[in-house]
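Each chain gets a letter, A, B, C and D, in the order it is written, and its residues are counted from 1.
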Amino acid sequence: MASPDKGVWMTEWLTPHESHSHHFKQFIVQTETRFQKAQVADTHSFGRCLVLDGEMQSAQNDEFIYHESLVHPALLMHPRPRQVLIMGGGEGATTREVLKHRSVEKCLMVDIDAEVVRFCKQHMPSWHQGSFQNPRSQVLIGDARKFVEKTENTFDVIISDLPTPNEPGPAYKLYTLEFYRKLLKRLNPDGLLVVQAGSGSLLQIKQHAVLHNTLKHSFRNVAPYYAYIPSFDVPWAFVVCGGENCRPLELSPKRIDTLIRERIKGPLSFYDGLCHAGLFGTPKHIRKLLNKEKRLITNHHPIYFYK
Amino acid sequence: MASPDKGVWMTEWLTPHESHSHHFKQFIVQTETRFQKAQVADTHSFGRCLVLDGEMQSAQNDEFIYHESLVHPALLMHPRPRQVLIMGGGEGATTREVLKHRSVEKCLMVDIDAEVVRFCKQHMPSWHQGSFQNPRSQVLIGDARKFVEKTENTFDVIISDLPTPNEPGPAYKLYTLEFYRKLLKRLNPDGLLVVQAGSGSLLQIKQHAVLHNTLKHSFRNVAPYYAYIPSFDVPWAFVVCGGENCRPLELSPKRIDTLIRERIKGPLSFYDGLCHAGLFGTPKHIRKLLNKEKRLITNHHPIYFYK
Amino acid sequence: MASPDKGVWMTEWLTPHESHSHHFKQFIVQTETRFQKAQVADTHSFGRCLVLDGEMQSAQNDEFIYHESLVHPALLMHPRPRQVLIMGGGEGATTREVLKHRSVEKCLMVDIDAEVVRFCKQHMPSWHQGSFQNPRSQVLIGDARKFVEKTENTFDVIISDLPTPNEPGPAYKLYTLEFYRKLLKRLNPDGLLVVQAGSGSLLQIKQHAVLHNTLKHSFRNVAPYYAYIPSFDVPWAFVVCGGENCRPLELSPKRIDTLIRERIKGPLSFYDGLCHAGLFGTPKHIRKLLNKEKRLITNHHPIYFYK
Amino acid sequence: MASPDKGVWMTEWLTPHESHSHHFKQFIVQTETRFQKAQVADTHSFGRCLVLDGEMQSAQNDEFIYHESLVHPALLMHPRPRQVLIMGGGEGATTREVLKHRSVEKCLMVDIDAEVVRFCKQHMPSWHQGSFQNPRSQVLIGDARKFVEKTENTFDVIISDLPTPNEPGPAYKLYTLEFYRKLLKRLNPDGLLVVQAGSGSLLQIKQHAVLHNTLKHSFRNVAPYYAYIPSFDVPWAFVVCGGENCRPLELSPKRIDTLIRERIKGPLSFYDGLCHAGLFGTPKHIRKLLNKEKRLITNHHPIYFYK
């Protein structure tokens, strides 16, 4: 191995006993908003990176894995998604993937942090790729929880692309039984919710399991799935939730490939039929661990991730 | 997060730009053999660990993922494996998994390092679980390459559980086109080879891709697969190789579950039908990367991993 | 720079914002006593090291700096030290240095941890160099505080070679105003106390300053001094305390060199006349910082170091 | 200890076996000039920091230690310094300290990197404190070696505040026997040269020892001295060189304090008479190590630091 570069490293502690460090090639810019501290840096390994409150959020070279995983399974499981709501999603890459679906007529993104949205727009163009200019895309700055409580609109797919709460801030009430029941009312028949659901690493999986159990108590069918994200160093967890059509294991690789051809415009890099089987092919010990979890997240018993 | 313990950490560099560190709770024992330096320590996160030449080799809490991934797909794809050869595998856990298959009559392990075998036997009992005492198990101390060149025996399944070479040592000629062609001759009709095939992390995948290509030039059918191992922090790669019956994607989860019930005695923790689909559900970008690789490993053009 | 070795590193946090890491070449042995966890390892940089409770305690290649600094200034400032008491000092190197003084008739070491004394005796022979066999040396296993409270003996020099307390354990009452007043009564006329007094790094100096102030309230004259210890990565602090003869700045390099020739048998590696001037040549900002400190350590208001 | 902040750390390897890490509170700005990469960041421990090519160069909270050590001993040893040359010194703090000497009529700074000078001027005002506006100060952008070769001016004190070369770049010919002999010719009678002379840590001292030996072969009297710089984590080395008046050990603390009162305007934070004794009070083992060094740096046998 060549000598590690001296200089600036970003360190993340998975637990007090495990840490991962990434070398920064070049620091680009930072800002401190009302809600969080945002930094953009170029890394050797993953290209440009967004770091929120000291945590790797999204990296240029592998964000496609996260965003394709988040968006396409749910949208393809829906018979014909027209109205999509994204909660969070400030970088614009979730919108970018949603807009690849020809059936989508409107993709509304509600993000609380105007400044981070602007910041990403300027410094991370490869994420949004101009999606915010698309006439089918709409951005609303505001608290997603208040929006959900007030709106009378309903959606075919709702995508929760929100940070997992690690303290009592704006995000924690967006991860509760009460909130998921409200979301259910904002789904059309056949509607699906997909949630980015935390780290799926065995060292950090407890919170994901509680979140999965909370979703299981809110929706008829829920399906957890996991994609390994190199810049996170762990398999990342997602949960798709809904009714009768929320049965990802019944979709064969061939069927997924057909759906992609029919309904998606523009190339995918990560997701296809075989990858779909891989995403939902959860190992036995993870399923056992999820099944044993009894705890629920409620407004009065919130949980905080990775403290 | 609680405060990280001061004290002893083990650091692994994936590249000069990425490192992972594990906290050691307690150091247990170490030895320096003719071939390598072996250390055993207890970690907070993964229980007891074996470290060979400064690299995490196997951890008590997740070795089941590695060893079930290595053994069961190949053995279940074979119609009736009786004779099994393990090259390497000193900890005894590969033998342990092989012996769970009722059809296996003889499991021969050939490992070069008698001292490491003894060391693991004494300090890592949860790996072998007494497998070396099983009358169907046989251990031969010696160079697997010389054994393969001299033996006239043939096998139903050969398992390559050898360290990936990172310098011109005893291991590098066990990862070449020439050697794989010799292995092919030691396989019975319907025989399969499965190879632990290095890190599948995008940051380190080059060597795995070259190895995969080398195997593709040696066998009719090859199928790569990946299992995330928490103590390695990456998806680990395997390749199963053979003839007509080497078609893991044609085995449905239901079929795998039936085969497990019929042929395996003793519980599995990681692997079952759904997990099989997950293992072989390789994402699109990884398949593309493997397909583009043109380089071959030969005796005259060896490769070294993770230097 | 050559590539850093992968493998086992020991990390020490000076503060939550600063860390130092040392590479371990080889782990030797460890034990857990009633009082502490002791580990011995060989490092690349400093030879064999003793680690107590995860903190670098003493390293083969530079312990001479610590032990010569601790012992010789006080013993040479005393007109004729005959009776010496060491509190702590389990490795035996403090005794080794004391015994180099021809005038010393008896060197009594009181250490609480019999097991660590035995452990060091066996695994760290270059520290004690057989000092415990010297007829002028005596070892008593027990609590130094209780010993001081009960003994009716008095000493010419008392050496406090105790760990600085970082929690309410056996050590914290050995660093208080009350205890120092008891020590004063166990000193003969002309007697001196010398205290290892914590890290002198600006990042950690607060506790040292409070300790220095506590000693200033207990003795007529006190003189702080600092020696850089490479394996600690910081200048280490000592305070020598006494009456009229505690005036290290009045001893010229030439005078110290004469005293060494007359009174010390056996070679010194670190300390001589010029070095003495360096030890006590405290920079202006450190003196200012010590002078401003008003806090005192008492039994009811103890302090803990480096938490 | 409180939990270490996740986030951005700067790591420096002293050797492949030792590393130090500093936490960055906030990144400020960076630039890449023809000669080097410069970054400015705010740290928790040391305030604002300048990082050149990944190495900590200067920190707001302790730069006074470095700059007072570099400037005042040499200037006070000279009977009446009027003309001062600084080679390097881009931050402006060396100029700031020189201008405190009432006798100085002209302080010429020759630095190769116009961009870094501008960069420091803008982002690190507490270093220069407006010194560049002082009518006695003059800045010349250019290669100090070429300047020295061409100028016919002579100086009372020359200060080498240049980076130690770690590769064959513009700096390495500024650290050779040939260059020092040229510098000697640019000194007035009674003139002194002072050189920042690398890390004095035992782990890195080899290069300093060779540099010290090279200076010993170029000047009648040379005196090494060391100041512990917290943000460097090591004692930093300097060497003052000259003729009969280069005898720092003959200046008593009292004499230094008198000289400071008479000749320096403005407060010093680190340096005074007692501190002077500390700076030059080199321990015995360091002196021994310097005396044994026989190697010389020449244009044909350069050395590189900390590779």
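The definition used in the following text is that a contact is a pair of C-beta atoms (placed from the backbone, for glycine too) under 8 Å apart; a residue touches a chain by one contact, two chains touch by 3 or more.
This structure is a prediction, so every number in the text was calculated from the model and none was measured.
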Query: Looking at CA centres, what chain is most distant from subunit B?
result: D
Statement: For the copies subunit C and subunit D, the interface residues, called same if over half of the numbers are used by both and different if under half, are same
Message: Just the number, please: Cα centre separation of subunit A and subunit D in whole Å.
response: 51
Query: Counting in whole Å, what is the centre-to-centre distance of subunit A and subunit B, each centre being its mean C-alpha position?
result: 33
- request: Can you check how far apart subunit A and subunit C are, centre to centre, with Cα atoms defining each centre and the answer in Å?
  value: 55
Message: Please output the residue numbers of subunit C that touch at least 2 other chains, ranges allowed.
response: 1-6, 13, 16, 21
Task: In the complex, go through subunit A and note every residue touching subunit B.
output: 1-5, 9, 13, 15-23, 43-45, 61-62, 64-65, 201-203, 226-228, 230, 233-235, 249, 253, 268-272, 274-285, 287, 306-307
Message: Show me the residue ranges of subunit C that touch subunit B in the complex, using the header's touch definition.
response: 3-13, 16, 21, 24, 26-27, 30, 39, 51, 54-55
